[in-house]
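Two complexes come next, and they have one chain in common, chain A, joined by chain B in the first and chain C in the second.
Presenting the complex of A and B:
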């Protein structure tokens, strides 16, 4: 079968746009929220449970629920993807910060660092591998869920998958499914590379 | 205690921050997709016939008016399209009178084509400020289908014959499972039931399942090209359960008021496609592997040419 590369490229770009914006906002909100939950311990249980419950809503149902509020297209898709990206990021940030050796934090405080300095310069860098693990999980989940966005008019690679299923045409399905699987792998690889670059030199040897 | 209250209040800062970020992104999306007055947005459900009809309408509107057509086809099922039309996200989409009557208005079955059309026209105009343009001609009714082989083996020709075969495995689309003009009503009128509750599945996968003999009875559309592809037969609706399903453009009254030329522009489509022609168009795309857009452009061209040929002296 003939592959329409212009169309494929356009759909891939839409797919990346959806995933990147949703994960981006989830990082901006989720990492500080995770840190906040680590400080206000009593909130961690209920908030993580709430974010977890969102995760259990089937993706198509969530998209359907958002239509009356936001219409069709990219808006409901972005909000749904954001909600799905939240749990791994918030949970990993919270757990990552919670598992740091208390003596490291003690030493930092002993050196006269303010709490915000301890968080930004000691705790977050130490927890970085766990935090990045959450971001990578969210990204991979989002590439998958974003295929469903095609059903509410948000475009992306899902268009080929659903058109292919409707026409019982396997090559068309694969034209959406293969690039989306590759996309998940590539984005995950990119984030792994970024993670190695971000870990401070002093910590690299240990990891 | 005060600390705890302050901590909980802090959570709202996160919600507010997320809301502000989304507001910003949505604003950018709105600026990018700013709706021009010269734009008309066409939607469709996510199956071949819906998409191809929307595309034909798009081509005809583009050729006969100065409007720019934005295509938002392939939108899930009836519910999503209808909600999108109500919200003004799309201006029109191809819909079926029977679906309007039973799935949207939730009224009882009406067997007469003209009466069904009259009822949906009046009710949609009053309740939703939507207009049904003249139907395209064919009737794409719901039906039950089996493979020729299995139907011959068991001697099943009519839906009422199913009463003698409760052992058959049925697979229906989730819309058919839920709709009043689907399985629930059918079961009630015909008084049959299957030993195993029918499975609900996606339409394309349902056809694959019946072709591979994983299920015996499926729901189908009478103009679907896949009926030929998978050698299926439609069971005779001997108790006249299904209402007529004439396809027509369903359009927002507001869009029609703004662009009254739309009605004239689409008029060459009225009554021009019969069941056979529609099945052919679907088959060319689903079986022949022809590109949907080029088939739609060709059909639109034919319909327009037929019209101008007739009006010439």
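Presenting the complex of A and C:
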């Protein structure tokens, strides 16, 4: 079997692009949403349930449902990926902020920090390990779901998988499947590394 | 004397129940005042209404001459030190940054903040060279609370609020921190308002004790007055079985001389090896402690022109 490296590289780049954009938007929207839900307790239940329901829609079905709305191509694929990435990020931000030692928040308020300062200087840094956990989960999920994007013409490593299935050609299937599995591992590892660098020294376990 | 805090007819209702009702308190500048009472008496609520962490349902609170309902609560809080039982240090900040929080909020320049933090760390006996870059999890409970106190003093506030600051510490650490607090509060010309449920703490640390019960003030008095003349059954119950001990702690040698009218003994026994000389400001409790440690039978106290000689028995009698 001959491997077309240029094609493989191109598909991998598309795959990374889809995942990165979708997770990026999910972070930009999900972290503030999680923080907001942590303040407006009464909204947290319904909104988290709604975001959770989206997660239960089979990915194939979701892509299909979006075709009449957005057609085919990158747009519906990105929307679907974004929706899948949302739950882990929103929920982890909400839970992470909720699990902070309340005395630190009480002290921050008592010393005259404004609510935005309490959130940005104290609450979010303390919740960061949990928030990053959500982002990593979203990324791994998205690398997997993004293989399906090929079905609606958004490209990515899924192209090899579906072509291989259609041609009953296992090597071609693997040409999509193996890089996509590796990609999930590599991105997760990269984020783990970033997490270690971002998490403040005072929170690390070693003494 | 100027008042640091004035509360007028202050009430606070949570849902259907009143946490405090029609409270009138005046706290003089430079004093240490203890708010004391059993759980649910409203002492913490009262404290939190002084920096607007809790808003009164009605009434007026004046802090450092300002009606605080009309101030920006964040600006107000930066002018008031605040210490809580759980300390609430920021675990992701090292000691230096924890102490620097309020000066940073106030926009001090970096060098001034650095110098101020060094000064405060020395003040609470945490040498900067050793502790400045430690994180809260690398400190003992007592060290954390000392950082908490340094942090509250950082921007040199005139008023410091402390909510059961020593409540979570083991007895030995607590006593040592109380001693340090006492010498600190005497040296610094600041107003301290302290919430506690420990009558010994209140008596040791405060110039004035406010006794609260079910949201009402039952007595405002100096520790000595409270011990000598509890206003009602409730105040007596707060003193409990420890009244005599508390009396030993609050009656000074000066009081003892005044009340007993002990006949002066001019320095007739300067060579009396059994007598040690003590300051008239000491409490009988401390005097007895010194006598025990130095194996003295009598003490000499100079008061004005006269010198008095007091025996252990006379001291014990004076506290009755």
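As a convention for this text, the second predicted complex is superposed on the first by the 204 of 207 C-alpha atoms of A that agree within 3 Å, B and C clash if a C-alpha of one lies under 4 Å from a C-alpha of the other, contacts with A are read in each partner's own complex, and residues count from 1 in each chain.
The definition used in the following text is that a residue touches a chain if its C-beta (ideal position, glycine included) is under 8 Å from a C-beta of that chain, and two chains touch if they have at least 3 such contacts.
Everything quoted here is computed from the prediction, not taken from an experiment.
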| item | value |
| --- | --- |
| Combined model on chain A where chain B meets chain C, clash or fit | fit |
| Chain A: partner with more touched residues, chain B or chain C | B |
| Touched partner set for A:169, first chain B, second chain C, both or neither | first |
| Which of chain B and chain C A:101 touches, first, second, both or neither | second |
| First (chain B), second (chain C), both or neither touched by A:42 | first |
| Chain B versus chain C as contact partner of A:125, first or second or both or neither | second |
| Lowest inter-chain C-alpha distance for chain C and chain B in the superposed arrangement, angstrom | 16 |
| Parts of chain C lying in touch with chain A, wherever the complex brings them together | 51, 53, 73-79, 82, 84, 86-94, 101-102, 105, 135-138, 148, 151 |
| Of all residues in chain A, those that touch chain B in their complex | 1, 21, 25, 28-29, 32-33, 36, 40, 42-43, 47, 64, 67-68, 71-75, 78-79, 82, 150-153, 159, 162-169 |
| Residues of chain B defined as touching chain A within the complex | 4, 7-8, 10-11, 14, 17-18, 21-22, 25-26, 29, 33, 43, 46-48, 51, 72, 74-76, 79-80, 83-84, 87, 89-90, 202-205, 207-208, 226, 229, 285-286, 289 |
| Touching residues (chain side chain A, partner chain C) in the complex | 101, 103-114, 117, 122, 125-126, 200-203, 207 |
